[in-house]
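Beneath this line is the structure, given in structure tokens, with notes to follow.
Labels run A, B and C following the written order; every chain starts at residue 1.
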Amino acid sequence: MESMAIADRLRAEFPEEILQSYTNQGQVAVIVRPGRIVALLRWLRDTDGVRMDHLRSLCGVDNLRRKDSESSRFEVVYNLYSIPLRHAIRVRASVGDKDPVIDSVAGLWAGADWLERETYDLFGIRFNNHPDLRRVLLPDDWVGYPLRKDYPLKGKGEWIGMTELLAKVKELDRFDFDPERHERGRTAPSQEDEQ
Amino acid sequence: MDILLLLVWIVILFIVVMLHVAYATYFERKIIGHMQVRLGPMRVGWHGLLQPIADGIKSFFKEDIIPENADRPIFLAAPIICLAAMLTSLAVLPFAKGWVLADIDIGLLFIFAMSSLASYGVVLAGWSSNSKYSFLGGMRSMAQVISYEISMGLSLVGVMLLSGSLNLSAIVEAQGDRFLGMYILPQCIGFFVFFVSMLAETNRVPFDLPEAETELVSGYCTEYSGMRYAIFFMAEYIGMMVMASIATICFLGGWHGPFPVPFFPPLWFVLKVYLFMFVFIWLRATLPRYRYDQLMGLGWKVLIPLALVNIVLTACLKAVFTLGG
Amino acid sequence: MSRPVTKHLEIPAADGDGERYSLRMGPQHPATHGVLRVDLELDGETIVTCTPQVGYLHRGIEKLAENKTYAQSLILTDRLDYIAAMANNVGYCVAVERLLSISVPLRAKYIRTMVAEMSRICSHLLWLATHALDIGAMTVFLYCFREREILLDLFEELCGARLTFSYPRIGGVRQDVTAGFIAELQRFLDIFPARIEEYETLIDTNRIWLKRTVGIGRVTGGEALSLGLTGACLRGSGIDYDIRKHQPYDAYDLVDFEVPLGNDGDIYARYRCRMEELHQSARIIQQCIDRLPPGPIVGPDTPDLVMPNKAPARFQAETAAYGTGLVKLIRDQNLYLAGDVYVATEAPKGELGFYFVSDGNNRPYRMHIRSPSFIHIGALAAIAKGEMIADLIANIGSLDVVLGESDR
């Protein structure tokens, strides 16, 4: 089926949810409200003639500095593909500015588990009903969400784990390792924030 | 005076065996190297001939690391138990007619006892290292030794029945110096079972689970370093040699050959042992590794029944021939 | 300072539902292919739960890319799947070209297809080598490295690098292939099928290999789809999904090849799939060599890249020496289109997708990398549960993960 036709069928099925649909470089995308995302994706996955059975990717986008966009601060983007029917659609779910939260689709695709964890890890978007929402790439005690646009490019401080590590080295120091010298050898943390 | 002479012999045997062990490692590295389209050691001496000596010196001078939470006395004793048990088994091996340190009547039994004792070294090493990889390696080794000791013992019962003795020299003599006298022909089932058990007993591929590098890092010797690691290594190679010797003695007619060799009677024996060593190495270059439960299954479901069948067959045939003859 | 061992080590009970103990496998472990850590809950040697932990190699590539121009970010993609860096480069360039509507000359398309398939062979050889080594077959490892060496030498001749190539350019490739390179590649293709047979003699019908792979790590087609597996892991379960066929890029719609499929979804099926892919890759390369058309290797409308004939006079001597092009930053904002696009390519490990959001700047507003390894490691827990430690190792090898790509 033509991808735009799917977008139209989707609009007919979920009139309240679809905010906008558009084509870019031949790829069809719809922008939706986050509320019924699971039902929407389930419809895309299970409906005959649509059968988007492959969740290609799931990621977050922070729209803070985006010039062309009027959408909300955060988006969760689902790229879907139908292996038997060979068509694709992109679903962009706008999630709120403060405390971004959306329902988890890990029940539809088991593989979404880690992708949602990654999005939580890097954007701080929380997923309801997620089986195990922890950080995945960064240490558990990391402060902040690095892929947000307001996250500083150069850190002001040291990761808390690093200080602990150095303290541990000092405590266990029976060799020639000198943490003080190690500290001095580092360049002073830059005050510059970003760009 | 006798004791002094015996001591001299022990020292000579020890030195000769250690040299053999050293060069067995060279042998292995060279053969595997050439099988794997590379050269093996080439740098130390001509074609790397001094490599084993360099390795020995290196491991001797390496730092001996003992994990903080290891059970120290056992940790220190384990490699020595291993090596001592393996070395002791050498005492009863007849290298040629009369070339044996202790020509005792229970030679075969003694070898079994010693090889079981050596596995204590492995188990204790795994236990005392206080590392889970070592521990799992020790556990695997224990299970493996228990299962394969049985099939190994049973596989040799046929040989005992045929020769009527446990004395290794007597077993060789019973086979005579004819080619057809070798027990490998009447005992082909027994030889098969023994050969597989021998690989398992010496922790060689495809049964190298206790030290399975890609699963358990290095198994029971994960935490060992320097000379203690080298001792485990030596024990493994002596174990290979002892097992190859037993196979030679029990199935290939020991020191007998097509013609007697003047001045150096054990030549045939040594050649046969090295033939087995070559097969060990060849297998290592060829085969993947069994899984733990598959290994157990093979031991209990295939080898032990086969060995039992072999015993019954041998006993029946012997009874028939003795009565008939 | 002797301490009782039992204080530190919990000993598992013999019965099935006895005491469990945990084993932290990695990040330094011979079989975890980099810095993967797997926290295991074990009952004897059976895995009760398996929790993979990644992130040891996280370099923030997605964040870095937001602050570099499109041409500059190319070198970051080398560091994703460093086993098959060329496939990442090609994937990245294809995605950026789609985003910015840049056309690629036919010759460059063929060259990129060729080098991407060489990269696939490299990656599959390394996979086979380590996978076989994990299961204990040592010799296959060195056999594979023998052929991989030839390919790496070829890459070196092509672009001067053996690991991080950065050879493709947005809108083309950096340098033209030489006749010597083509001749060497042809010589490789002539010997390669016989070499594949050589690997297969060692393991293909080996009873121990079969015992270790058949029926282990079984994933049905539905499960594989749900877990997001792609590449040979999905095709091993019988689902015909190869982006080279589904959404052809570069010259894949111009060459003839088959997509090998498995049925059982076990380690052996994945192994067979990848072995067949080696043959198919060699076939594609052969066709690329035969059909390589003459012509330019960089498109005319390429941003960030100045062609010798268009370059200012003072650059001409320099660019003529290069023969092709010189990277130069252009801050002409009109070249960059706003919008978002998701473009996937079939990397050796699976579907490598780039999701770009552009706001018309010369830097991507957001670049998301859909890395197959990350998703495959996420699936490991489901696949390895209930099997033994040795099977976990075989499974990690069979999923063919690279931590650089997983952690980004």
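Convention: a contact is a pair of C-beta atoms (placed from the backbone, for glycine too) under 8 Å apart; a residue touches a chain by one contact, two chains touch by 3 or more.
Remember, predicted model here, so these are calculated numbers, not experimental data.
Colleague: Classify the chain contact graph as line, ring, star, complete or other.
Modeller: line
Colleague: Per-chain C-alpha centres versus the global one: which chain is nearest?
Modeller: Smallest centre-to-centre distance to the global C-alpha mean: chain C.
Colleague: Return the distance between the CA-based centres of chain A and chain B, expressed in whole Å.
Modeller: Here the centre of chain B sits 58 Å away from the centre of chain A.
Colleague: Centroid from C-alpha atoms only, then distance chain B to chain C, rounded to Å. What do you get?
Modeller: The computed centroid separation for chain B versus chain C comes out at 44 Å.
Colleague: Rounded to a whole Å, what is the gap between the Cα centroids of chain A and chain C?
Modeller: The computed centroid separation for chain A versus chain C comes out at 23 Å.
Colleague: Find every residue in chain C that makes contact with two or more other chains and list them.
Modeller: none
Colleague: Considering chain B alone, which of its residues make contact with at least two other chains?
Modeller: none
Colleague: For the complex, give me every residue of chain B touching chain C.
Modeller: My answer: residues 32, 35-38, 68-73, 127-128, 130, 132-133, 135-136, 205-206, 208, 212-217, 284-294.
Colleague: Over in the complex, which chain A residues touch chain C? Could you list them?
Modeller: Touch residues, chain A against chain C: 24-25, 27, 29, 53-57, 59, 61-62, 65-69, 77, 79, 83, 86, 88, 90, 109-115, 118, 122, 135-139, 146-147, 151, 153, 195.
Colleague: Per the contact definition, I'd like the list of chain C residues that touch chain A in the complex.
Modeller: Result: residues 54-55, 58, 60, 62-63, 67, 98-99, 101, 223, 225-229, 239-241, 246-247, 338-342, 344, 351, 353, 355, 357, 359-360, 365-366, 368, 370, 374-375, 377-379, 382, 407-408 of chain C touch chain A.
Colleague: Within their complex, state which residues of chain C touch chain B.
Modeller: It comes out as residues 1-5, 8-9, 21, 23, 29-31, 45, 132-139, 141-143, 146, 202-203, 206, 208-209, 211-212, 388-391, 393.
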